[in-house]
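Note that the chains are named A, B, C and D in the order they appear, and that numbering of residues resets to 1 at the start of each chain.
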Amino acid sequence: MAFTKTSKLLATVAFTSAIGSAAMAQEVEVLHWWTAGGEAAALNVLKEDLASKNVGWQDMPVAGGGGEAASTTLKARVAAGNPPTAAQMLGMQLREWANEGALGDLSSVAEENNWAEVVPAAVQEFAVNDGKWVGAPVNIHRPNWLWINAEIFDAQGLTPPTTWEEFNAAADKLQEAGITPLAHGGQPWQDATVFDDVVLGIGGPDFYRKAIIEADMDALGSDTMVQVFDQMRKLSGYVDENFSGRDWNLATAMLLNGEAGMQLMGDWAKGEIIRADMVPGEDILCVAAPGTEGSYLFNTDFFGAFDVSEESKPAQMELAASIMSKEFQEAFNLVKGSIPARTDVAPDNFDACGQKAMEDIVEAADNNALLGSMAHGHGQTSSVQRAMFDVVTEHFNSDMSSQDAVEELQIAVESAML
Amino acid sequence: MAQPMTGRSLRDWLPKLVLSPTVAMMAIFVYGFIFFTTYLSFTDSRMLPSYEWVGFDNYATLFKLRTWDIAVNNLLIFGGLYIGICCLLGLTLAILLDQKIRAEGFIRTIYLYPMALSFIVTGVAWKWFLDPGIGLEAVVQGWGWESFEFDWIKDRDMAIYTVVIAAVWQTSGFVMATFLAGLRGIDGEMLKAAEVDGASTFALYRRIVIPQLRPAFLSAFVVLAHMAIKSYDLVVALTNGGPGTATEVPATFMYSYTFTRNQMGVGAASAEIMLLTIAAVIIPYLWSELREKK
Amino acid sequence: MGFLDIDNVTKSYGAVKVLNETEISVEEGEFLVLVGPSGCGKSTLLNMIAGLEDVTSGDISINGRRVNDVKPAERNIAMVFQSYALYPNMTVRGNISFGMEMHGVPKAEREEKIAKVADLLQITNLLDRKPGQLSGGQRQRVAMGRALTRDPDVFLFDEPLSNLDAKLRVDMRTEIKKLHQKLGTTIVYVTHDQIEALTLSTRIAVMFGGNVQQLGTPQEIYDNPANMFVAGFMGSPAMNLLPARLERVNGAMCAVLKVGDGSTITVPFPRAEDLTEGADIVLGIRPEAMTDPEGADRDSNALTETELPIDVVEPAGSDTYVTVALGGKDAIGRFRAHNPAKAGQPARFTFDMAKAVAFDPETETRLA
Amino acid sequence: MATAPTSEAVTAGTGTPPPGGKTRASVNIPRIVLYVILGLFCIYYLLPLYVMLSNSLKPLNEITSGGMMALPSDWTLAAWRSAWSEAQVGVAATGLKPYFANSFFMVIPAVAIATLLGALNGYVLTKWRFRGDTILFGLILFGCFIPFQIVLIPMARALGFLNISGTVSGLIFVHVIYGVSFSTLYFRNYYAAFPTELVRAAQIDGAGFFTIFYRILLPNSGPIAVVCVIWLFTNIWNDFLFGASFSDFDSQPMTVALNNLVQSSTGVKEYNVHFAGAIMAALPTLFVYIVAGRFFVRGLMTGSVKG
């Protein structure tokens, strides 16, 4: 397990490294939003690893809104000329900060450790900017999971749907049986997570890339997009009446206690499943969202390295190296529910869903179907992403027609790109 | 004996010297920043400030956004109801509490305490309480009143009113305290005189007491207006702008565009509009203040 | 050059001039009262003497020193305020001691002075109380005690009695007068109460509209008011100001006044001998110069008796005031008590024209 | 009245007879109705607190299984213990405990400085008036209404420029700036009703500018100081935006920690711990309210109400 590995590592490092002075020679200040429970504890692994290399960890957590609060803090810190050594970022944020010229260069440590070989190309697209490694990826999340309450499906004689038609059929059946088909929380990012799945499931990877990642106006205005919104409309009929504003974990709780049959949510839901003493892959099935088998939406948390003073750079490099160490990647992702950002970590310790994800990602990468998730900051710049959120949420919460939604989407995206 | 001239000039300058740190702070950190924001609203700033002049583009974008329309409308609804209800409720409670109530101090503290709580978490309590599945509706239905419905927070047309309910909860106690203080400041003799004149309790309040609470109304109004315009935490905690964008307000809009969406120019433009709104509310108040003093 | 000189002093707030070129010279030991209705500039003048307000132009000197730019504390003055201005957070002792403390008087000396002053004003038993626990009269004494410890060149009083009830006011008035006689310090005293002005002062400055209307001894002011304003302001009941015409009858200058029924009366007016015949004047005559014949001042050389119809009779204990219509105005005469005069019936009047004055109706200044 | 304006106005106020004069009858129906109405409002104000308190005393499964409005069936203080010293609020599982100190180090100086500055400003603006002072006051007052969102980035620059970014001093600085408008408002309105004659008397007594302030005005400023301190304390203690943006790893205030405790995006939400933490975080302000509440109403009465 993680801890034995870490302590082993700790021992080795202590052996080889300096004739240990008690005070930390160097310190890294890390801004992140992993503040609660398991994920914060997992990050502690990183802290201790660094401590063993005589690098002190200055913790700067700011939680809230999936990193929104942290990103505001980050802007203030950069504006003050006082950036942290490293800050947690999603892919698009990393790119945007790199484009602002605020980030440093991790290339030397990346080359030394062969990151280019082990990190999936799609992830590298974010981590490498203008030929330089600007951030170290920590994990790979998969938002396009469909979680299924196995007991309910057995009782109703249903099999996991692989297309949206099948999904609708299963949902209708659940509805007849008085079970809420889809556990969902009406928050923009949750709506958008579902939207991502529908776009990918109905339009396929190429369409997703054109419409979402490239924000191609023709794709956004196409009939396929109309169909996507048609499906979204159907989905809005499959949620319970009190869905609006609900936190995702309360939606997961509905799935776990049998009030709802399915939930479209990322792999972080596993934490809730395990906490309820259920087994992911057995009690709660994990399958790719309908029509997305073979594709893999991802979002990755990076630690963006800021352009810090020369004397702080060695510590920053140590931090990056530690983040990319197999030990940390494994230990952290076991807790987090995601899979390591490097492909050469053994899958043995991961649960069934994790192992499936590790297989799927290889397949998807080969098929050029490993795609950044729009809902989770890997599809579009913040402004376009939020513009899409606006339309998706508006449509999901009103009786807007699919045709209108498509038009709104085009207008919103266009004006956000200005 | 002090040198007359130096003594004189020091005496003249000392008060101004004492005031100068505040004046400098205001000049830089209020007016300077307002100026900076005004400037930003005419630039193409996105993630961080940029200095590329784009004229009124941001304003044009802003006024085309439906969310902004919604936000402004919501501020009107929310601000109007919030200020109105808080004043009415605060006044009513103050009058009720002014009837020589036993345990007045205790009750007053209960009415006042919500001001002390941060909305980061209180919002969750309210959210649950208003949630039809677990809160009031469920409880009342559990008591046997099956047809009872209270699902405003899930209703696009009604959600903004739940924000009003929670906001009133937070501030009405403070307004009550302001009015109570005002009531206590009214000359007792005058009330006796009015009673001798045969005024009924109702007439007494309507004709004699309430008109004299004008300064208290103004104080309350300023505090409430300030809270209404800055109502960010509350909305984020309670509905986060939802369902859909139904409870978006200018404060959330501004934050979102400036920081989350990286459209700082548009955010600055919305801030400008907000500042103008604030000025429209506050300057008449200040004007009446200044006039009274002369 | 006096002890306190106010030399051509003006005061304006922006464009508004509240005190016009004012000249007053006060001798040492004098008791000057500034009197006038509110807004006349008297408090402004006092504040400028104290140094609490800046002088716009002109000079103020105390004891030969120009003090325009001297801080209040260094002018060697003491001031008693209308509200007494006792520091609510300090005891009576603290209040009295504060000024000496500020001037670096050693503690022993302070204690000694406090004891002396407290004894003088009979407030020794109050020394450890807070102002909130004192009655109005006690506060007044404390305020004076505070001023007394200063041994000032000039005492300034800003309407010190106006917050007291009528009885206490009379008592304190006497005490202030006694104090002045005992200490002999120069005093400038502001009031709007003409009785206070007349009883206390050695000299009075009557002020109105930012100007000193008349400066003189109480007697001068009372007997020979410089203009109609002073005449009307000083004295109670006020001087009757009655439109009249000067006519020479049998070689003697007379004032002709209309009576209520349309007829006229003619009274010889020797003081107006030098004025133009046929001129319209305003006749100023105090109520005590319009008496019942038995009450008239027999030493006067200008008594005229006449009969007039009485409108109102007001017995006031020691006197009876009667109202008659004269010159189109209500004129008040002062009869002795227990007079049989009745409203609606005619009564005999004696005019003491030696005490009457004449004003120009246009300029309102005194002609004779 | 003028000699003891503050204390007397206050006591006179509380002695106001209730208009309507219906106090003599000891038991009557309107009176019962009155108490019922007041009681109902107590319920309205206490409900959210009840939700928070009862849920903070439950084990988590009781909450997630739907019993959010019920009283705990299994009472436990575990959530409180966790929120205080065990919960994860970052990499370290320290609970909220260490952050209280950070908040106090920030709040106390900020409140003290802003109050003192406001008092001095109010003193100058009312007792040492000069041409244009009212307009200046108006300009200062407008600072109450500046939306904090717009000052964030420029303020960050300014703090960086002053070399106090990410420090407690920086946070104090920011809070003083945006608190001083309110404190000036309160003190100015209060001192406007404070008799100027006292200041004049002290001037004649030989007291200088500062002596008058701390010997005469300050000792008589109790009520308004309470109002000002309560307002500033509440606002600064509960501020999140500045706390999150201008603090460093070692100066993060309570609210940021509370937020970190509560707002995990993808972690498990321990609502019982959240509520315990929230109440805990509010305790200092609640304490100030309860202790100073009496003076609060008195202070408002003599201060801000009299415009």
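Here is the rule we go by: contacts are C-beta pairs under 8 Å (C-beta built on N, C-alpha and C of every residue); 3 or more make two chains touch, one makes a residue touch a chain.
The model shown is predicted, which means the values in this text are computed figures rather than measured ones.
K.L.:
Would you identify the groups of chains that remain joined by contact if chain A were left out?
P.N.:
Excluding chain A but keeping the rest fixed, the chains that touch end up as one piece.
K.L.:
Going chain by chain, each one touching the next, work out the least steps from chain A to chain C.
P.N.:
Each step joins two touching chains, and the minimum needed here is 2.
K.L.:
Determine which two chains are connected by the greatest number of contacting C-beta pairs.
P.N.:
B-D
K.L.:
Which whole number of Å gives the spacing of the CA centres of chain A and chain D?
P.N.:
Their C-alpha centroids are separated by 39 Å.
K.L.:
If you average the CA atoms of chain B and of chain C, how many Å lie between those two points?
P.N.:
55
K.L.:
Centroid from C-alpha atoms only, then distance chain A to chain B, rounded to Å. What do you get?
P.N.:
Using C-alpha averages as centres, the distance is 38 Å.
K.L.:
Multi-chain contacts only, two chains or more: what residues does chain A have there?
P.N.:
65, 72, 75, 78-79
K.L.:
Quick one: which residues in chain B touch 2 or more of the other chains?
P.N.:
Counting only residues that touch two or more other chains, chain B contributes 11, 48-49, 255, 259.
K.L.:
Note the residues in chain D that touch 2 or more other chains, in rising order.
P.N.:
Residues 152-155, 259, 262-263 of chain D each touch two or more of the other chains.
K.L.:
Which of the residues in chain A end up touching chain B in this complex?
P.N.:
65, 68, 71-72, 75, 78-79, 96-97, 100, 186-188, 240-245, 381-383, 385-387, 390, 393-394, 396-398, 415-416, 418
K.L.:
Could you pull out which chain D residues touch chain B in their complex?
P.N.:
Against chain B, the touching part of chain D is residues 9, 12-23, 34-35, 37-38, 41-42, 44-49, 51-52, 55, 66, 68-69, 117, 120-121, 123-125, 128, 130, 134-136, 138-155, 158, 176-178, 180-181, 184, 209, 234, 238, 240, 255, 258-259, 262-263, 271, 274-275, 277-278, 281-282, 285-286, 288-290, 293-294, 296-302, 304-307.
K.L.:
Which chain D residues qualify as touching chain A in the complex?
P.N.:
Residues 64-65, 88-93, 152-157, 159-160, 165-166, 241, 244-246, 248-250, 252, 256, 259-270.
K.L.:
Which part of chain A faces chain D closely enough to touch in the complex?
P.N.:
Chain A reaches chain D through residues 29, 33-41, 43-44, 47, 57-67, 69, 72-73, 75-82, 247, 249-250, 253, 257, 266, 268, 271-272, 275, 336-337.
K.L.:
Spell out the residues on chain B that touch chain A in their complex, using ranges where they run on.
P.N.:
The touching residues are 46-49, 57, 61, 64-65, 67, 127, 131-133, 151, 153-154, 156, 239-246, 255-256, 259-263.
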